[in-house]
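As C-alpha cells, here come the structures.
One chain, chain A, links the two complexes that follow: it is found with chain B in the first and with chain C in the second.
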Partner chain A sequence: MRGKILNIEPLSLLTGALAALVGWSLLAGSLPRPWPAALALALGLALALGGHSHGSAVQIDRLAHASRWADMNAALKTLGCCGLLVLTLCCRTPWPPLGVFVYTAALCMAGGAGVRRYLGLMALPAAFVLLSAAALLWRWAPAPGGLADLPLAGGWLVLDAASQALARLVLARALGALGCLYLLSLSTPLPELLAVLRQAHAPALLLDLAVLIYRYIFLMLDTAARMRVAAASRLGYEGAGRSLRTTGLVYANLLGRSFARARACQQAMESRGWEGQIRFLTRRHPVRAGHIALFAAPAAALLAALALGG
Partner chain B sequence: MQELLRFEDVSYAYEPGRDALRGLTLSVAAGERVAVLGSNGAGKSTFFLLAGGVLTPAAGQIVFEGEPVRRPTDLSRLRRGVGLVFQDPDVQLLAGTVEEEVSFGPMNLRLPESEVARRVADALTAFELTEYRRRAPQYLSGGEKKRVTLADVLAMQPRLLLLDEPAASLDPAHARQLEGHLARLHRQGLALVVATHDVDFAWRWAGRVLLFQGGRLAADGAPETIFADRALLAGCGLEQPVLFRAGRALGLDPLPRTVEQLEQAVGKERNTP
Partner chain C sequence: MTKQEKRFMALSLAVAGVLIVPQQAHAMHIMEGYLPPAYCIAWGAVCLPFLAAGLIRLKKAARQQMLLLAMAGAFIFVVSSLKIPSVFGSCSHMTGTSLAAILFGPASAAVLGLVVLVFQALLLAHGGLTTLGANTFSMGVAGPLVAWGVYKLCRRLRAGRKVSLFLAAALGDLLTYCVTSLQLALAYPSAEGGVLGSAVQFLGVFAPTQLPLAIIEGILTVLVILGLESCAAPELRQIGFLKEAHHD
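The block that comes next holds the complex of A and B.
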C-alpha cells in the first residue's frame, strides 16, 4: 500500500525513530559502548513495529468492559489510581515511578489487556512524552563539551549528564503517571466513573454532558464509518485531492446529521419522563480487602521509597 | 371498552403554514391492537410524538384517561401512561449498560430504588435480556437493541404502547420474535398502536387500522373494511395484503388472517366433495 514502508505506518516509524534517539541519549555514557545504541535500536523497532492502534476510544471502552477488574469498586479504583499518581509525581529518583509503571502495566495485563494492545495504546501518548524528553536532553550551546555533541547552526547541540538525569526523572514520572491513568481507564467503564463523580457531587450538568458525549461518540463513529464506506464504494478516496474533498463532505454531513439526531434523542428522552437530569440505577460493587491491598501495597512501597530519599 | 386516549380535532405544524397533522380526531381504547398505515410524511410519527406527550398540539386537545392534557403536569401524566418505542433504537439508547438503560424511565418516575431494581429485573426477564444486563448497548445487535428499547418503555408500566415501525431493520427471525412479544403484551391487557409499512403484518395482527394520508386521517376502521377499499389503498401507495386477496379469490368467509387459517379453510373445502 502507498504511504507505508514494510507495512509500518509513517507515524509509528516517526515514533520509533524518536524513541531510538531518546533511548540512546538517556543511556549514553552510563553503559559500555555498544549497549546504549543496541538498546535504543531495540526500543525504536518495538515501537515502530508495534504501531499505534486505530479506533483507540472504542478499544479502551471494550477493554474496560471486559476487564477482570471491572467488578472492583469504582471509587476504590479512582482513589487508588489517583493516590498512586500523586505519590509517583512526588518521587525524586526514576526507579520508584518506573516500578509503578511496571506494576500498573502488570495489573492491566492481569485484567486482560494483552501486551500488544497495551503497547499499541501507549504509542499514542508516547510521541508526546518522547518529544518532550528529546527537548529536555539536548540543549544548544556555543561550544561542545557534553557526553555527546552535534554541530548545528554555528553552535552545538549538547547532551550532558545533568540534563540526562533530569530527563530520566521526568520520563520515569510520566511513564508512572500514564500507567496509573491507563490502569483506571482500562479497568473502569466510563459510566461507573461518572457514578463515582456523581457521588463526589460533581456538577450534574457536567456529568449529564459526559453521559451524552460518551453515548454519541459511538453513534458518530458508526455514522462516520458508514459514510466513509459509502463514499469509498463510489471511489471517493482515489487520489489525495479527492480524499481530502470527500473527508470534508463526510464531516460536513456528519454535523447536519448530528443536529437531526440530537433533536430525535431529546424527544426520546422526554417521552421517557426526562425532566432535566439524567439518572440511572447503578450497580454497586462492594469494596473488598484484596482489592484495597492491590493499591495499599504499592502505595506503602512508594511512601517507604520517598522516606528513604527516593 | 374503556377509552384510554382521545384526540379532539388536533393539529400540529413543525413550520408555520405547513401542517404535519390536521384536524385529527380519534380514540384508542384499553387492550386494542391498532395498525397505523400511511406513506412517509403522512403524519404517523407526528401522531406518535403527540400521543407520547413529546409534542403539544397547536390546536385541538388530547384527552388521556378522561382528563384533558393541558398543563405540564398533565404532560408528564401522558408520558407515564403512554410508552413510545422509536424506530431507530440508537435514538433511544442512552446509558452505558443495558440495566442502567432500562432504569432510566423508572428513575424518572421517581420510584424508590428497590422498586426500580424490581421493574428493571422484570423487564429484562420479559425480553430475555438478563444475560446482557451488564453489556454496553453499543455492542448489541439490531434485534437485541430493539428488545432493550421495548424493555426500556415497559419498565415504566404504561397502559398504551406506541411502536414506530418496530420491524424495520430486523431480520425475519427477530421480526417473528417481536410479534411474539407483541402478542404477550396484548394478553397482558396493554393497548398497542403500531406504525408499519407492512400490510401483511397489519392484516395478520391488527384489530383496527388507521390510514394516514397527507397529514390527515384518511380512514379508521376494521381491517376487512379498509383493505377492501382498493382506491383508498392506491391513494396511499399501499396494496392489499396477500392473504386478503387469496381469501377473496378463493371465496372464503371469514377471510384467513394467517397462513394456517388459509390452509385449514382450503383443506376443509377439499375434504368436502
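The block that comes next holds the complex of A and C.
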C-alpha cells in the first residue's frame, strides 16, 4: 500500500466517513448551514487520505533522540509538560485546551517532527478520540427531540445540545492533553525521562526494570519482525485459523528465546560483579531562561484563562 | 426494500462501523485527557496498595528474576503493539498481562503492567499519563488478578491445563473490558440511566471487538505457554511456574 500515490485502505476510508459524521454532530446547530457539513467533510477526507503511521514506537523513539529540544533539560521538559497537562484537564471550556494543542503541536513540528509526520502520528489517536465521542454524542431515546434525530430500532438516536457541549469539552481536553503527551515523548528520549524519575526518588527497582524493558523492546521488535517474515514466507498466515496458530508459535518462540537470552545476560552480569543495581551515565543539560519561558508562558496563559472562568 | 428499510439498513451499518472501528489500535486503554482530574487521582490511589505489594514481592525475587521480568515486560509491550495478520481484519492483538500474571503472579504483573503502560503512553500514544492510574487498575491489577485467580481455581478443581489457561486469559481480558467500561461510565454517567445506563452503553460500544479479542487472547495464551514449556522449561522452573505443574 505504501508505494501508491493515494494510499487509501478500506478501513481508513471508513474511519474518515465516521470521523466526518462525528465532526458534523459536534458542529451542528452552532454554525450557519453549509459550514458544519463542509468542515466535517474536510476532516473526514484529511483522515481518510492522510493515512497513519505504523510501527510508531521506533519512529517516536527516533524523533525524540533527534529532536531539536533533546538537549533541553529533561527535568524541565517533564515538569513543564506534566504541568500543562494538569492545567489542560482542569479547563471547563473547549478553547484553552485547543490553544494548548496548537501551541504544543507547533513546538513539536519546530523541534524536528515536521508537519506531515506529526499529523501522521496524530491521525491514529485523533481518529480514536473523535470516534469514541460518538458514544458521548448520540444516545438512544424513545422519542425524537434533539438537534438531530435518526430513527433506529423502534426509537431514535438523539443528538442534544447538552451532550454536544460535553463532547466538545471532552474532545478538546483530550486533544490538548495528547499534544502535551506528544511534546514530552517527541522531545525526550526515554532513558533521560527515567533519569529524571531517578532524581525524583522513584523506586529504584521499578526504574531498573524500566531501563531493561526499554532496551529489550527494540531488540524484540526486530526479532518479531524477522520471525513474522519467515512465517509468512512459509504461508503461515493463510486463513484465520492457521494465522492464529502461527502467531501463537511465533510468540512462544519470541518469549522462549528472550528467556534464554535473559539467562545468558544474567550470567554475564553476575560474573562482572552485578549487585542488583544498574547505573547509566547521562549527559547534563543546564536549564536556560528561554527554555523556562517556553513552558511558563502557556502555563501563565492557561492560569489566566482558568481564573477568568475558562 | 422500501425507502425506510434502506435508510434503516444504512444506519445500522453506520452504527456497526462506529462500534467496531474505534478500537482498531487501542485495545482497552482510556485515552490521554479523557478522564476528569478527580478520577485520574482516585484511580491512581486505588492502584497504590497493589503496586506497593508488587514492589515488596519483587524486591525479594529481584536478583534472580530481574531479567526474566524485563523480558516479560518487553514481550507484553511488543505483543500489544503487533497486529495479528488476517484474523478479523487487521485490528486484533494480544494484551499479554494475563499471561504475565499466570507466569509471575498478580503482584509482579501489577508492576509490569505499570511500566508497560508508561511505555505504551510515551512510545505509542496508547493510553496516557493522566489516565495511567485508571489503565493500571483495569489492565495491570483487576484483569491479571482475575486471570491468576481463575487459573488457580481451575487447577484446584482439576480442570485440564489447556482449559484452565484459556479460561484464565479470556476471563481476565473480559474483566479488563468490563472495568474500563465502568470507569468511563463513572466519569460520564448518562442523563437518564445514570452510571448504570452509561455503563451498559459503553459495554455495548466495546462488545463487538472485545468479545472476539478475549477468545483470541485465550487461545494465544494457551499456545504461548505450551510452546514455552517445550523451549524454555528451565526458566519456567526458575520462576516457579513449572514445578507446580509437575505435581498434578
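Operating definition for what follows: the second predicted complex is superposed on the first by the 280 of 310 C-alpha atoms of A that agree within 3 Å, B and C clash if a C-alpha of one lies under 4 Å from a C-alpha of the other, contacts with A are read in each partner's own complex, and residues count from 1 in each chain.
In the analysis below, contacts are C-beta pairs under 8 Å (C-beta built on N, C-alpha and C of every residue); 3 or more make two chains touch, one makes a residue touch a chain.
The structure displayed is predicted, hence computed values, not measured ones.
Chain B and chain C, once both complexes are superposed via chain A, fit side by side.
By the touch criterion stated above, A:61 is placed in contact with chain B and with chain C alike.
Residue contacts after overlaying the shared chain place A:214 against chain B and chain C alike. Of the two partner chains, neither chain B nor chain C is touched by A:38.
In the superposition on chain A, A:85 makes contact with chain C only, not with chain B. For the combined model, the angle formed at the CA centre of chain A by lines to the CA centres of chain B and chain C equals 80 degrees after rounding to the nearest 10. Put chain B and chain C next to each other and count what each touches on chain A; the higher total goes to C.
Judged by the touch definition given at the top, the superposed model places A:46 against neither chain B nor chain C. In the overlay built on the shared chain, the residue A:109 is in contact with neither chain B nor chain C. By the touch criterion stated above, A:265 is placed in contact with chain B and with chain C alike. Once the two complexes are laid over each other on the shared chain, residue contacts for A:301 go to neither chain B nor chain C. Of the two partner chains placed around the shared chain by superposition, chain C is the only one that A:162 touches, whereas chain B remains out of contact. Of all Cα pairs linking chain B with chain C in the superposition, the shortest spans 10 Å. On chain A, the patch touched by chain B and the patch touched by chain C overlap at residues 61, 190, 212, 214-215, 219, 261, 265, 269.
Per the touch definition, chain A reaches chain C in the complex via residues 11, 14-15, 17-18, 21, 56-57, 60-61, 82, 85-86, 88-90, 97, 121, 124-125, 127-129, 131-132, 134-136, 139, 141, 150-152, 157, 162-163, 166, 170, 173-178, 181-182, 184-185, 190, 193, 203, 205-206, 208-210, 212-217, 219-221, 224, 228, 232, 237-240, 243-245, 247-249, 251-263, 265-266, 269, 276.
Taken in their complex, chain A has these residues touching chain B: 61-62, 65, 189-192, 194, 211-212, 214-215, 218-219, 222, 261, 264-265, 267-275, 278-283. Of all residues in chain B, only 49, 52-54, 76, 79-80, 83-84, 86, 88, 90-97, 99-101, 103-109, 113, 116-117, 120, 134-136, 138-139, 152-153, 156 touch chain A in the complex they form. Only residues 4, 7-8, 11-12, 14-15, 17-18, 21-26, 31-34, 36-37, 40, 55, 58-59, 62-64, 66-75, 77-79, 81-82, 84-91, 94, 111-112, 114-116, 118-119, 121-125, 128-130, 188, 190-192, 201-202, 205, 216, 219-220, 222-228, 231-232, 234-235 of chain C touch chain A when the two sit together in their complex.
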